[in-house]
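Some structures to go through are shown next.
You will see chain A twice below: alongside chain B first, and alongside chain C after that.
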Partner chain A sequence: MDLSEILAMIWGSLPEMVWLIFIYGIVTLGLNFILGHGGMFHLGQIGFFVLGGMASTIVTSELWVKKYPGLTPFSNFVLGIILGVVISILAAVGIGVPTLRLRGDYFAIATLGFGEIVKVVLNANDDLRYVPVPKIFHTGSEEIDLDLEIILAAGIFIIFFIIIMWLTRRPFGRVLHAVRDDELGAESLGKNAFVVRLKAFIFGAAMASIAGSLYVHHFGVFSPMSYMIDMTVMFLVIVVLGGIGNNVGTLLGVITVVFLSAIPRWITRACEIDPTTVNIGAINLLIFAGIIIAVMIFHPPGILGEGSKLEPFANRIKREVMRFLLGARRGGGHA
Partner chain B sequence: MNIHALLQWRYRHRVDPRVIILGLGVTLGIILITLNYLQPVIIRLLPNAILLGLFIGSIYALVALGYTMVYGILKFINFAHGEVFMWGGYFVYTFSVLGGVNFFIGCFVAVMLTTLMGILIERIGYRPLRRAPRLAPLITAIGFSLFLQSLAVYCFKADYRSISAPIGGVDAISSPVRLTLPSAPILSGIGIGVFALCYVFLHLRKRKNPERKPSTMVENLILLFLVLFSIFFVLSILNTPAADPASIFRSSVLLSIQLIDGIFLVTAVIVMIILHLIVKYTTLGKAMRAVSDDMDSASAVGIDVDRVIASTFALGSLVAGIGGILFGLKYCIYPYMGFLPGLKAFAAAVVGGIGNIYGAMIGGLIIGMAEQVGPVGLDMAGISGTPYQDAIVFIVLIIFLIIKPSGVMGKEHLVMSRGK
Partner chain C sequence: MLAGVEVMLEVRKVTMDFGGVRALDEASFKAEEGVITGLIGPNGAGKTTMFDVIFGFLRPTSGEVLFKGRRIDGLEPHIIARMRIGRTFQIIRIFPKMTVMDNILCAAQNHPGEGLLMSIFPLPGVRKREDEARLKALELLELVGLKEKKDEKAGTLSYGEQKMLEFARALMVEPEFIFLDEPMAGLNLEMKRFMGKILLDLKRAGRGVLIIEHDMSAIMSISDRVVVLNFGKVIATGTPSEIQNNPLVIEAYLGEEQRRAGEPDAS
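Right, the complex of A and B next:
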């Protein structure tokens, strides 16, 4: 391949990557809310992602449409999102109530198990093993309308970004931070740590479910086993790399990780290596694992986390942006 | 009714454990006898499932030992432990199957290498983070777990491989050993007799020497076995053909156990005994207990904490390596085998009481039984149970976390979130 072809290939794969950035962005914002703001070691975000996909698949599938022909595809899609959120909230309560009173490790192992068990249980069900999903966002023919998907995902991402920014400044967010930093202290001031944590967990889980509902319509098929353990780890890498507890950092983390996982693919295609001879997935994972270990040992705050050298700089940019957007009225107060 | 209120009621009124055992036994007996009438075919699968649960459970117990020892000392989950277990199998594969080294030498080298792996993980990943926030070593552990797993995928591809070729293939180790035993009613009758004698003997000794404190644990265990054998006795009597009661004396039970299953159980028991001796009687064991109780004080009285922690990791990884080889001999090895079995082993550690090595054995047996007996139960309810095996283990874990988060033998303060 010469240079122009390589550039064309990279340019061609960009829209899908932008879409992926927003989808993963929604999931990891939720994870960051749970892990960074709430201090709970959550490893089962993938489970809620799958549940959201499952709900959307069921509601938009041909069988359902045949049963309830009065509904339009769009209302079915919205119904799928709502159903996914409801199921995810129920699951989150089921996991959270027994484990959130205990030490963080129990929560970690319960959520990790949950993420895997959801896939195994759905896969055991004949009706859910390999289901065709209608592509709702299409341009008349079979082609998917990627622009529409990107706009939808970006819109939801931005809405959640604003909600979380708002929420962390509300009393709820401050209590959540207090519980994360000093549980005994927060409880001695009369705050119920368990309830605050459970609420934060439910909120983050619902976000993953919504992202799952959007994600599944891109591929035209729903198969629980196609959601690998790699995804759990990728979400964790995004949050850890970007800086635990920093929402802008999470966005930077998503962009980095999506590009990082695309680069080996580009290289193999540019050098015309037979993709069956090298295991791209394993190389990606090795890189991710290296990143996690290196970040935790050498620079625990990540790119933008608390204590990172870049943090004051980022805060200043944020302040300027806020001042620009909101006028001088509220500027300066946001650090 | 709130489950916590129920538990508090039980603690306040101090129900005798013997009453609980008898009550559970009677309930179980009634359930089994009812099922025996409703589903006479499927209940025949039960003894087999229990045996299999015993064998699989001993593997989980071996892996759970590593989790529980590390948790007892460092108070965090070593997620990479399941991957060390997996590499135990892969080292044997590399040396003995690919390299052609004698199988037993290969096993020895593999176990040494997993030990080294455990020490290295601790040295590189966890030691720099000893004073970091609690989340940091957990995240590093996930990183190591992923690193070792994807390394295996990269080196060996995500295929299933067998490691039993150098010792004659799967047939040689899974050849059944047949035992011919007297018929079921006679067997359970003997069991009842033996345990009843034990019980009487215990009480006679207690009466003879009232100063001596009776071991309630042993007494309860004997009672438990007595109840179980009685259920078995009633069931087997019910299943003998009414027309020919004399067949009790003529017929016999043919028990067939695979060789490898026997090796599982024997290895697990031997490892448990050795670990017990190490922890109880050696200087290292004493130091381990001291570090587990209070790391700072232990270091103040001159215990080399770093060395003790490294030895804990070495011991746990050694045992995990043995477990990995055995697991690979019975099934296959594949890069993801550290994940679900590892998770189940951790569940076993929690159920048995984390931080307690005897709890790991009990927890392993409970989880193994749940995994094998649970599907049979679902079959009886009319659902095909095998796909839900993993979910059943997970549900057992959640139930334990609700009812008794400290596990069968654990300590309460290790578990609650406030005991930071």
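Right, the complex of A and C next:
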């Protein structure tokens, strides 16, 4: 490959990466809400991501469409998202109620187990292994309408980004932060720490489920075991790299990680190595490990986390943006 | 006993065992509204354990705690707090990463905006309630002299200021009864005098106050009634002057020195 071909190859892979940034962005924004703002060490975000995919697969599958022919593909698509959210909420309540009253480690173990078990259970079901999912974003031919997918994913991401911003700045976030920083202190002020945590957990889980629904429609196939442990690690790396508890940081983390994990693929393609001889997943894991170690050694707060060197700079930008968006209406605002 | 005042808090024969250690041993006492009750005792007498039992952080092994005639032992702390009971802690429990203002706003009661959906789509009443809470919080911050520092992170305040912040936060609950665990410890003289003044104001407003304090001169001058704990038992109750002359109390506080002083004679 000469240089122009390589550049063309990289350029061609960009749209899908942008789409992936929004999908992972929704998942990790939810994870950051649970982990960073809620202080719950949640390791099973992938479980809800898979559940969302499963629900969308069922509702848009041929069997379902035959059974309920009156529904349009679009309404099935929406129904899949809603069903995924409902299932995820039930699952989050199921995990949260017994473990959120206990010490944090129990919650971490329970969620990690949940994420892995969901995949195994769904994989054991023959009807759900490698199920073809209608590519509703098809433009008639074989080509996927990626632009439409990107717009949809970006729209949902932006909506959630705004909602998460509200949630973390408004009274709910205040109480959530109080519970995170000092549970007994918050309890002594009449706040039910358990309920506040459970609400935040459910909300973050539902976000992962919605992203999971969008995700399966892109690949057109649902195979539970293809969601590897790499993904759990990746979600965690994104939040840690961006800075735990910072929403903008999470977005920067997603962008960085998606680009970094595209590099091995670019190199194998550019050097014309047979892709079947390279384990890209393993290389990505190495990259994630490298990121985590580098962050921990050189700058533990991550890009924009509490105590980051970039914080004053970011605050200035934030003030300017706020001033631009709100005018002088509510002056300053509260961090 | 003071006549014509209502008993707010009643502790009946509360026993608290930690494994083989009996921290509270059938301790009973009462605290009335409009009265400052002091809870004193030597180190390890069970004072803080008593607070934790009353406030629901610990479930007593046996015995009852009543607030306005209703049993509250075994209830969760947030339910007890919602009965308009405020407390501060011996080891300060503010939220260090949050601003001073947010620390106090957290204590607002019946705030509809604290619901998850209400924070996404606030109904008209929410903003009004939030503004009210802010006004109230500013008032309290002014009272404890922290108004200028309202936007600073609470963790950056000095020890004394953090203590005052925690106190203001407990007042934000609009407590009918307030528990203070060593409110004077670590405060300078001016702040102590100031704290004493606020406590007297609370008393005049008809609130109940229960204080644990090591500063004897402070507690004797401010309390109307004093309850003395020793080895988990209530050994005396009465007015400060009665307590000061009670031989059991003197024995509990000075016993060790007397015994030590007596040793040469015995040998």
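Note that the second predicted complex is superposed on the first by the 327 of 335 C-alpha atoms of A that agree within 3 Å, B and C clash if a C-alpha of one lies under 4 Å from a C-alpha of the other, contacts with A are read in each partner's own complex, and residues count from 1 in each chain.
Here, a contact is a pair of C-beta atoms (placed from the backbone, for glycine too) under 8 Å apart; a residue touches a chain by one contact, two chains touch by 3 or more.
It should be emphasised that the depicted structure is a prediction, and the values quoted were computed from it without experimental measurement.
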item	value
Combined model on chain A: chain C and chain B, fit or clash	fit
Which of chain B and chain C A:Glu5 touches, first, second, both or neither	neither
Chain B, chain C and vertex chain A (Cα centres) - angle in steps of 10°	70
Contacts of A:Leu184 with chain B and chain C, given as first, second, both or neither	both
Contacts of A:Arg103 with chain B and chain C, given as first, second, both or neither	first
Chain B or chain C, by number of chain A residues touched	B
Which superposed partner A:Val175 touches (first chain B, second chain C, both, neither)	second
First, second, both or neither for A:Glu62, with chain B first and chain C second	neither
First, second, both or neither for A:Asn192, with chain B first and chain C second	second
Shortest CA-CA distance between chain B and chain C [superposed frame, angstrom]	9
Chain B/chain C common contact set on chain A	184, 193
Interfacial residue positions of chain A with respect to chain B in the complex	35, 39, 41, 43, 94-95, 97-106, 108-110, 112-114, 116-117, 120-121, 123-124, 183-184, 193, 229, 233, 236, 240, 244, 279, 281-283, 285-286, 288-293, 296-297, 300
In the complex, chain B residues that touch chain A	71, 76-77, 124-125, 128-129, 132, 134-136, 138-140, 142-144, 146-147, 149-151, 153-154, 157, 336, 339-340, 343, 346-347, 350, 387-388, 390-391, 394, 397-398, 401-402, 405, 414-420
Partner chain C, residues of chain A touching it in the complex	163, 166-167, 170-175, 177-178, 181-182, 184-193, 199-200, 203, 306, 334-335
Chain C residues touching chain A - in the complex, by the definition given at the top	55, 57, 76-78, 81-82, 86-87, 89, 93-99, 101-103, 105-109, 111, 113-116, 118-120, 122, 126, 130, 169-170, 172-173
